[in-house]
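Several structures are given next for inspection.
Next come two complexes, and both contain chain A; in the first it sits with chain B, in the second with chain C.
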Partner chain A sequence: MSDVFSLLPWIGAVWLFGIGLYGIVSSRHFVHLTGCLAAIQSSSYLVLLGIGYRYGAVAPIFYDKRPGTQAVDPVVQALVLTDVVIGATVSALLLALVLQLHKRNGIVDPQAMRPMGKSAVPTAGGGRQPNGHTA
Partner chain B sequence: MNAAFADPAAWPICIVAGLLMLAGLLLAGAKIVPPVLSDILALAATAAAGVLAAVLAIRIGDHPALYWMGGWTPRQGQAIGIAFLADRAGAGAAAFAGLMFTGAIWFARGYFAGARNHFHVLMLLFLASQCGFFFAHDLFDMFVWFEMMSVAGFALTGYALRSSSLDGALNFTIINTIGAYLILMGIALAYAHANALDFSAVRAVAQGRPDDPVLIAAFVLITTGFLTKAAQVPFHFWLPDAHAVAPSPVSAIFSGIMVSIGLFGVARMAWDVFAPCPAVRHLAHVGLISIGCGSAIAGAVMALMQRHVKRLLAFSTISHVGIALIGVGLLGQQGLGGSLLYLAGHGLIKAMLFMIAGIMLSTLGGIDEIGLRGAGRRIWPAGIVMGACALVLAGIPVGPLDAGARMMDAQARSNGLHWLALVIGFAGALTGGAVLRVTGRVFFNLGPMTGEEDAAPTDDEREHANRPFAAQLVPVLTLLGVWVLLASMFARSSERFALAAAHDMALGADFSSRRALPHMTPILPWLPALVAVAIASVDLNRHRIPDVVYDRLMGLTRPGLHMLQVIHDSVIGEYVLWMMAGLLLLAGIAIF
Partner chain C sequence: MSALDVSSHKAQATIGRRGIILRVAFVILAVGLAVVAWPVVHAMPQFGSHPLPYGDRVNAIGPAERHITNMVSAINFDIRGIDTLGEEFMLLCAVTGGTVLLRGGRGEDRAASPGHVKGRANHRPPDSLRLLCRVLAPLTMLFGLYLAINAMLTPGGGFQGGVVIASALLLIYLAEGYAGWRDALGSEFFDAIEGLGAALYALCGFVSMGLGLPYLAAFLPFGTLKNTFSGGSMLIVNLGVTLAVAGGFATLLIEFMEETRTLKPGDDPDE
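Moving on, here comes the complex of A and B:
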């Protein structure tokens, strides 16, 4: 039984990474894409927390516990905390950039973006929209 | 304070903390500190950081030292604390970063007028986190500095807030953030089996069970993340978009030092942490050499096909960093030393070239090679410097770039890889030829007829025109002066230093035989430069080539070139898929 449960965080991590990746590849809106990036990031939290988890152990706060009580690994929790801060920074920056992009040309569709803000190579594949131009 | 100065091991933390504190102070006083003072303070700080790191590199010599923060030294074999490592590889890289930033901030004087001093704050954060990365001796610490540096880079890319720069910044942020999460997962896997994050502790565990698949998976994930920052094929798609649209002083930093950091990270991981695993050494050898060759060739071909000068330079960066990656993959100290020296030489030249691109933007009002034809005649001194830089890129046998290439070549030939000189020559000839073509067209009014570069993406960007030409040329000439010093007076000592840094990074180990071969390329040393001149002359004289010959040539090359253009002219989703394909490739090499 515990074998199944110890696999669970890994399955969850792979699932989150997969849907996050699918979301990024197929995204039609940069805010949605930022959310997908957060899903990928959550999968890294799951990996970290799954690694540090111990069955039957307490939270690593020894205020009212005897020293030597089995506790879950506090190091990975510190890593997750730091990672949350980094993720928040990146998300905030991304959203700020998207807001500016929306102000500039009103298009926030990643599929409509081309290098240098315009497409120069005529492409055979359909479905590519005319891009956002610089004013 | 005196005690801190007596112990060189404490210098790295002083450098990093000092830069961070100054950045905080400048940000707090953004409204009251006059721009001139910001310039002076930022310049003094970056120069001081570089000089301190250089002195540290010399003082620390053969005795790399660890500094455990807060006195948390390992107890009973358990390392819970976080350490900074002062060795010649890290200190040398930090000194070079200091030089690059000093040059870039100097060049940027007046560029960001009216934008308060946020540029200086971001640049100081950028440098501080790079130094932290170079000195880190702990997997997670390294990751945090890496991410801090990335965020500063993302913000600097989008600084101009134009449509194309926002697009480039978004692309850069998304691809690199996915790479960063892969690094984090790799670190988590390494921690799962090593129960430690300190380099030496993880290495000790790897020594104990060299065939542990979890450790190998950790290396694959971490390498993917670092190769994304190093912009190696197929993780490179963000780089041309980001480099082309970032403000030119920032592009100089990106190509000069930031991209090299990914390579530094891969080398540290391969040599310092995971070296005891035979599968990792196999992966580093086969995987890094093939990815490096792919990048060297693809980057060079793409560079020749560009018309946006900064985009052209960005592709040439991919190509040259690919060559340095081969040096890491050779798994020998001489190759690693050559790689480090090559990166330094490339960084100097590329920073100068991006500054000249910046001069074109501000004095000629454009960056499009075809649109600017002949416009550069009144600023001909910049053209002469650019032509000289192009020849160095092409590989004329002078200076640190060539010395590094020769060291890598000697290592490769003692491993039996005699074709490395050909790859180096190919990349040099094409990238050098591309830059020479730009020089000829913009500064000497040559090349009325355009070729495949006509179809490349371009932009009608301009930068602040309020800066006099001469003032902008001075930092370029200063970097040129540094290059001349490294090529003449300090040629031998820089080679020796690169070897010593590689020795420190490899912890004295050497995984490939080294015979004392003379540093000499089997082909004529001047050949790549001659080919570069030939390529540029052909490109600039298309109108003189008979139609029959020209059409045959174009017909042969067009389908392949067109496919490359289309691949590089795509959306973020496809870039992410390429990245995952690269990850699978690395994993496949590790398994088989």
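Moving on, here comes the complex of A and C:
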């Protein structure tokens, strides 16, 4: 039984990664896609904090504890802090790109984007794109 | 970048077909991920009861040699200070990128009605919300400052405090509306704060070098344990991070809020 509990954090991380990836694959809106990317990123928080955990240990803050008390690993906690900050800024950058895309093409649906390097998928407007350029 | 006209039946059929292909590809990928992940998951160290050599070293060094009690701050601002400098500049780059993408020639007009979506009523925020936000905004700001100032003692630090300070600015927006908000905050001010914060961090490293120490090495006395102003030059670094994060997130908030402003005839919608 303790074996199963020992595996749970890693299984949880794989599961978070999986559902985030499914969300990205099936996404119909770029804002939703950005949220799914955040879900994928949280799997990395889970792995890092899981690695640094120790049963019966305190948080690595020794203000009210005697220095030398068994504490969990602060190295991975600092990494998670970095991870969160980068996640927030990358989300902001992606959302800015979504806004620009919406302004240029009026579209926020990843499925409606044409794959790069492929010939144009025929559109109703006779090849005219919403931004006025011919396809 | 081109896009489909999603309204046509043909385009809808194409999108549906792509959706099925993508989902099939995902199922194959997920099975592959599970197969690869299973041995990795089993090879992971025993959860909660394996040695943490680096963590234990840091936990010993922090209070004894650096005279601070928050080990995460000890790592961020001293032990891996140069990594945090990289993180700091990554933040700066992301904010600059976002600003470049969003900022256009729309100027700083405060009279335009922002947050207004065409075809949707633009209500004035209710008085209860305004009162709540006016009460909460200073308290949130104070809490952010508390987190940032006590970085060396208790959970918190420049990153957390900076983000909390920036969210207090959002509460001011909720209370005062766009015009009042923009009157209260100048985007130049926050641009300057962000740049100054990052510069303070980098320059702190050069001061160490000027004193003949390695880059970002601590050069001030560490002070006494459990004193707010213990930690020596980590305090300067922490101040730099606080300014940069608060300024960066405030800049992003302002730029995103600018996007909701209704365009006037002269404005270029592409910018």
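By our rule, the second predicted complex is superposed on the first by the 112 of 135 C-alpha atoms of A that agree within 3 Å, B and C clash if a C-alpha of one lies under 4 Å from a C-alpha of the other, contacts with A are read in each partner's own complex, and residues count from 1 in each chain.
To be clear about the criterion, a residue touches a chain if its C-beta (ideal position, glycine included) is under 8 Å from a C-beta of that chain, and two chains touch if they have at least 3 such contacts.
Everything quoted here is computed from the prediction, not taken from an experiment.
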{"item": "Chain B versus chain C as contact partner of A:7, first or second or both or neither", "value": "second"}
{"item": "First (chain B), second (chain C), both or neither touched by A:31", "value": "neither"}
{"item": "Of chain B and chain C, the chain that contacts the larger number of chain A residues", "value": "C"}
{"item": "Touched partner set for A:21, first chain B, second chain C, both or neither", "value": "both"}
{"item": "Touched partner set for A:93, first chain B, second chain C, both or neither", "value": "both"}
{"item": "Touching partner for A:40 - first (chain B), second (chain C), both, neither", "value": "first"}
{"item": "Which superposed partner A:48 touches (first chain B, second chain C, both, neither)", "value": "first"}
{"item": "Shared contact residues on chain A - chain B and chain C", "value": "21, 25-26, 51, 75-76, 82, 86, 89-90, 93, 97, 100-101, 104-105, 111, 113-114, 120-121, 123, 133, 135"}
{"item": "For the chain B and chain A complex, residues of the former touching the latter", "value": "80, 140, 144, 147, 151, 154-155, 158, 161-164, 166-171, 173-174, 177-178, 180-181, 184-185, 187-189, 191-192, 197, 240-241, 244-245, 308, 311, 455-460, 562, 565-566, 568-569, 571-574, 576-577, 580"}
{"item": "Chain C residues touching chain A - in the complex, by the definition given at the top", "value": "1-8, 10-11, 14-15, 18-19, 22-23, 25-26, 29-30, 33-34, 37, 40-42, 44-49, 52, 54-55, 58-60, 62-64, 69-72, 74-76, 80, 83-84, 87, 90-91, 94-95, 97-98, 101-102, 153-155, 157, 159-160, 163, 226, 245, 248-249, 252, 255-256, 259, 269-270"}
{"item": "In the complex with chain B, residue positions of chain A that touch it", "value": "13, 21, 24-27, 30, 33, 37, 40-41, 43-44, 47-48, 51, 75-76, 79, 82-83, 86, 89-90, 93-94, 97-98, 100-101, 104-105, 110-111, 113-121, 123, 132-135"}
{"item": "Of chain A, residues touching chain C in the complex", "value": "5-11, 14, 17-18, 21-22, 25-26, 50-55, 59-63, 67-68, 71-78, 81-82, 84-86, 88-90, 92-93, 95-97, 99-101, 103-105, 107, 109, 111-114, 120-125, 129-130, 133, 135"}
